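Dropping the structures in below, format is structure tokens.
In the two complexes that follow, chain A is the common piece, with chain B as its partner first and chain C second.
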Partner chain A sequence: MSWTRKILRVNLSKGSCTSEPLNMEWANLYLGQRGLASKYLSEEVDPTCDPLGPDNKMIMATGPLTGTMASTAGRYSVITKGPLTGAIACSNSGGFFGAELKFAGWDMVIFEGKSDKPVYLLIQDDNAELKSAEHMWGKTAWETDDIIHATHQDPQMRVACIGRTAENGCLYAAVMNDKHRAAGRSGVGTVMASKNLKAVAVRGTQGIGNVDDAEAFMSATGDGKAVLAENAVTGQGLPAYGTQVLMNVINGIGGLPARNMRDVGFEGAENISAEAMAEPRKSDGKPNLTTNGACFGCTIACGRISTVDPTHFSVKDKPQYQGNSGGLEYEAAWALGADTGVDDLDALTYVNFLCNEDGMDPITYGATVAAAMEMFEDGVITTKETGGVELRFGDAKAFVAITEQFVNGGDFSADLGLGSKRLTEKYGKPDLSMTVKGQEFPAYDPRGIQGIGLNYATSNRGACHLRGYTIASEVLGIPVKTELNDTDGKPELVKAFQDATALVDSAGLCIFTTFAWGMDNIAPQIDAACEGDWSVENCLETGERIWNMERLFNEAAGFTADDDKLPKRLLEEAIKDGPTKGQVNRLGEMLPKYYEVRGWTADGKIPKETRQRLSL
Partner chain B sequence: MNVNIEFYASLMKYLPPGKSRFRREVSVEDDITLSRLIKQFHISEAEAHLVLVNGHFVNCGEDRDQRKLVEGDTISIWPPVAGG
Partner chain C sequence: MQKSLNIDPGKCTGCLQCEMACSYEHTGTFNPSRSYIKVFTFHHEGRFAPYTCTQCDEAWCMRACPVDAITVDMATGAKVVHDDKCVGCKVCTIACPFGTINYSQATGKVVKCDLCGGDPQCAAACPTDAITYVDADWTGYDRMLASAAKSLPSAEATA
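What follows is the complex of A and B.
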């Protein structure tokens, strides 16, 4: 069955940790991780609650395949009501923490209430206890990880924790695990800080002993790994170049937004691309990219391990940043780079280190700085607000200075911690926020690529590529190529990607497998691991059920069809030049059809028949 | 006539010697088709996964066989890649 069938409930107000059985009826409908934890959240939390109040809950959840021998099966998610958006938030992370939680015998941990004082949760197999974290409060995520390891003297212990930005109220703080992996989006780390929970440390020795049909599972996971190895993308492209290989592709097709999405196309793209990361640099002959890295059980290994040129201004005289650390992934490189107009690879790598060290979402952070840069250039804010930094597009030194100021809680940090929506509203320029439902866009311009715009507009956690990565089809031709600027067929495409992703995110697998795997590769692995019927059809229906359940949470939280929209800039300001010149996003052509294919009403509501069909 | 070629990622090895990271201006026969140009640089069909002419996709097969290049065109080629 693969589930441990055990939940750890941690009441931070009372200081209690209790074990309870997993609701198997729900597990059969929502699988695990994103789906199952969202079901618990929907049942236990009032969607109108204050995300940073004690009534909100935070769930760390694994999927049934997490910790098994399936490729990439090390994932866990943090599910809560997000403070950046006010919508349901689910942030997925790799690394090793998720598998360790499973080895300790837990499917998920539900945190409720709020502790009086900073605490961390220590899980050692069946034993769980809250311990004082007063000596860790005010420390970075990296320091916290080190303190916990020094205290418990167990190198195999895995830590998920928050850095200083979360403590300082930054609304897009991440939960960092294994130092370089992040449940990054929507401010799940801020919720953790609001509960005075600094870290979760886990050590599990129980393994996974309850796979439903072990022989079938061995065979299905073996088949899956063979497919990943033989596929040119998952077998060669991702390990060699990482996600960053997209920088030149997306720029080449006219889909790379730049300078707060004021422009499309970034002249510095090649300097911050995967190819540039692999080039030996002049100072020490070493490339930015040291090696690739893998999360638990992953046979793809897309991770980037990088160093900054030790003579570069950003790390000169800072030996602690001159070693190997988590390098740039595509979305971070875009938000920190193209969106701020900075094409200094070392500066961006250093800022990325700081995002990991102090736990903030680099997409929202970069995009928020970009919005601030546009306001600075327009004279809306000045050095008075920015603590003396001339915050102009393309200025690497200014970007490094503002980031150091930000993580250390300097003058402009409270403003930057708001995210671009609240920041631009504060200064009377709301149209300069490139967000949906309050969350910033990732690295694909919806004017150049139509379907991703519909996905952004309808994503349940605000603008997000990982909710329905139609780029796979629209740009990369996976599984089939669709035309960038067509709107026909895009509602169906978006729905299919969104539902399939919801299922993958609920299984314990990494979404990057889907560059090679279809549901016919994934379903047999789930079916062999879990009791019940996990046919392709049931998996797809489960994904659709999860999507609709998330939408119902948001509806109850006050979201309506009015929130399924894109910023005016993307609907009205046409691309100025390049291969997509003249284009805007034509959301209006796609949204009604999308509601229809989802079985929703014309105003985006989920009618009774659809709820019944999906057992909601 | 002269066209610009851009080979990315693992295809950089097929670039003739030159200074720029990915780009070369090369001289080719007039009216050369896209397929022929790709072959001329020893790039196999499987490797030429994403092909753009002046930023616009040209699909594998007939489209590439029939696409005649003109002076000044920029041809960008990637192997199978993905990210996100």
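What follows is the complex of A and C.
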């Protein structure tokens, strides 16, 4: 089985917590986590609802493998209608919270309604109750975590919570868990704040003892771990360098956007790369990177545990930021660094700490600051709007100052909290927002790398590399190399990555396993854990079903083919120099074919026969 | 030959595969709360420390037990708790200087590492060799080697 077959339904308006059985018919069609919770959301929430109103629901969901010995099987997702995009949002997180929720006996928690006063949910195995969080409101995510641990005196308790940015209405606030892991994108933390829910604290002692075929499961997961250990990316590159292994690689091939994607190629990339993180610094002889750390059950361990140079201007008089905490991942290093033009590793690490401490998505935050910087340099906004900060590209001190102002709710924070789409619209420069469906791009320029542009344009949660990481193929040659600037074959590639990713997420596994694992490694692990047929074919079809279901939610929310687009800059402003000089993204060559391979109509609608084929 | 668990915290990533392997071996569930080995995270210091019973020769727990519920497994040297004799008095948990024998609410008995009868599953599951099962005479040897290598920077450690 591996599912606990139990859902916790928390009605925040009534203050009630009730247990109900998991819908196993749906579990067999949507597996778990992302897929299954999206099914619940689709059935229970009106897609046209106000994402921050009481009619929206927020689901924390584990997968059937979450909490088992399968490598990386500790993940959970937060599923809701996202306030940044208005589309279905599913933000995935590692750490230890997801497995603990499963050990307490719950496949998912559905939050509905809105509490009158700030509350937190305390789950101790079968017992769940809402408790007052009035003393936590206004606290950072780190302080909230500490308060809960001090209150309950249980070091093994795991906490997911929001920081102050969510409370202040920032539209891209994250749900933070275990202090430095985040369900980061699309503003899922803002939804949590809108419900007056400050935190979820969970302690589980029941464990998972019901895998379908224990012997086959131990064998399949053991085989999977051996494959991860022997693979160069998952066995060596990611543990040693983290995702930051990509900074110099992507810059080298002409795929690293810089300064709000005005440029491609960042001259400061080396200074903020994995290699720089490993370099001992002059002040105390220590490198930025202390060690690598794993999420629950993960035998890759790509997480960065870092310190800021204690003599650096950002933390010099702030001992609370001089210890270790979650360090820079590639996407954060890019958004906070290359996209703002800042190449000061310590400043970026400090800003990353603040993103974790107060719970905001560093990708959208960095990209929104970058858009503001471009408007500042163009004279569209001035120090009058920014609270006195000279917000220019490349200025580390200005970046640190604006970030401290932002988390503390200063002058410019309401504007920055809008995300770049609403911010640039407000000041009459909508073309300066580097977004799809209102969500900011991550660290791969679609002009240099064609397929990822198609993935961004069609991603169900707005621009996102984690919906279909074609970089694996286009840059790293996994599972086969495709040419960066080719558009032929990219629609098929994007579909394959999108569908497979939906399945991996829904199992409770980490997508990084797929640098080494194919579906033939993954399906046997699911099949051994779960009853029913989880062959490679069924897994792939399940992934495709999930993708189409998400699309149907968005269609009902009002999205059309017109929203499957890229900003004008990426379609018209050619790359100025470097190995990809002269290129733009050729979305128009790929999109019609993509609709065709998906079995959709020419205007991107899902016809009846495709819905029937996928049991939708 | 007696063997012993050899723990190198510097290699630990905090993944908890050892806790799952231990709980699976002893309870048939993936359940870190029932694991006899614990990984502690020191967030501010950026360190992880796996910790479990070191199987003292002169075992305080064994000496303290009023009902002789703890005996030596002659094959492995492990100090093993016998559930049929243990009365859950917890005196052993007070006697142990390391805190590595613990009371379990789930069973009403004390629990501790038993070296899995000579095939410790924590060591088998550890992906980074932070936990290994070695000749008892050689515990700490890898650190001695590393230290020796450091004192002779030009030396290639070949032992």
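Basically, the second predicted complex is superposed on the first by the 616 of 616 C-alpha atoms of A that agree within 3 Å, B and C clash if a C-alpha of one lies under 4 Å from a C-alpha of the other, contacts with A are read in each partner's own complex, and residues count from 1 in each chain.
Basically, a residue touches a chain if its C-beta (ideal position, glycine included) is under 8 Å from a C-beta of that chain, and two chains touch if they have at least 3 such contacts.
Keep in mind the model is a prediction, meaning the values are calculated, not measured.
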item	value
Partner chain in contact with A:Asn292 - chain B first, chain C second, else both or neither	second
First, second, both or neither for A:Pro47, with chain B first and chain C second	neither
Partner chain in contact with A:Pro524 - chain B first, chain C second, else both or neither	neither
First, second, both or neither for A:Glu275, with chain B first and chain C second	first
First (chain B), second (chain C), both or neither touched by A:Gly419	neither
First, second, both or neither for A:His465, with chain B first and chain C second	first
Touching partner for A:Val233 - first (chain B), second (chain C), both, neither	first
Contacts of A:Val249 with chain B and chain C, given as first, second, both or neither	first
First, second, both or neither for A:Gly32, with chain B first and chain C second	neither
Contact residues of chain A, present in both the chain B and the chain C interface	none
Chain A contact footprint on chain C (complex, rising order)	10, 13-17, 20-21, 23-24, 27-34, 43-48, 106, 125, 127-128
Touching residues on chain A, where the partner in the complex is chain C	67-69, 71, 96, 99, 103, 156, 179, 204-209, 214, 225, 229, 239, 290-299, 301, 303, 305-307, 323-325
Parts of chain B lying in touch with chain A, wherever the complex brings them together	6, 8-10, 12, 21-22, 46, 49-50, 52, 54-57, 59, 76, 78-84
Chain A - residues contacting chain B, complex	231-233, 236-238, 240-246, 248-249, 252-254, 270, 274-276, 279, 302, 329-331, 465-466, 469, 471-472, 475-478, 481, 484, 511-512, 515, 578-580
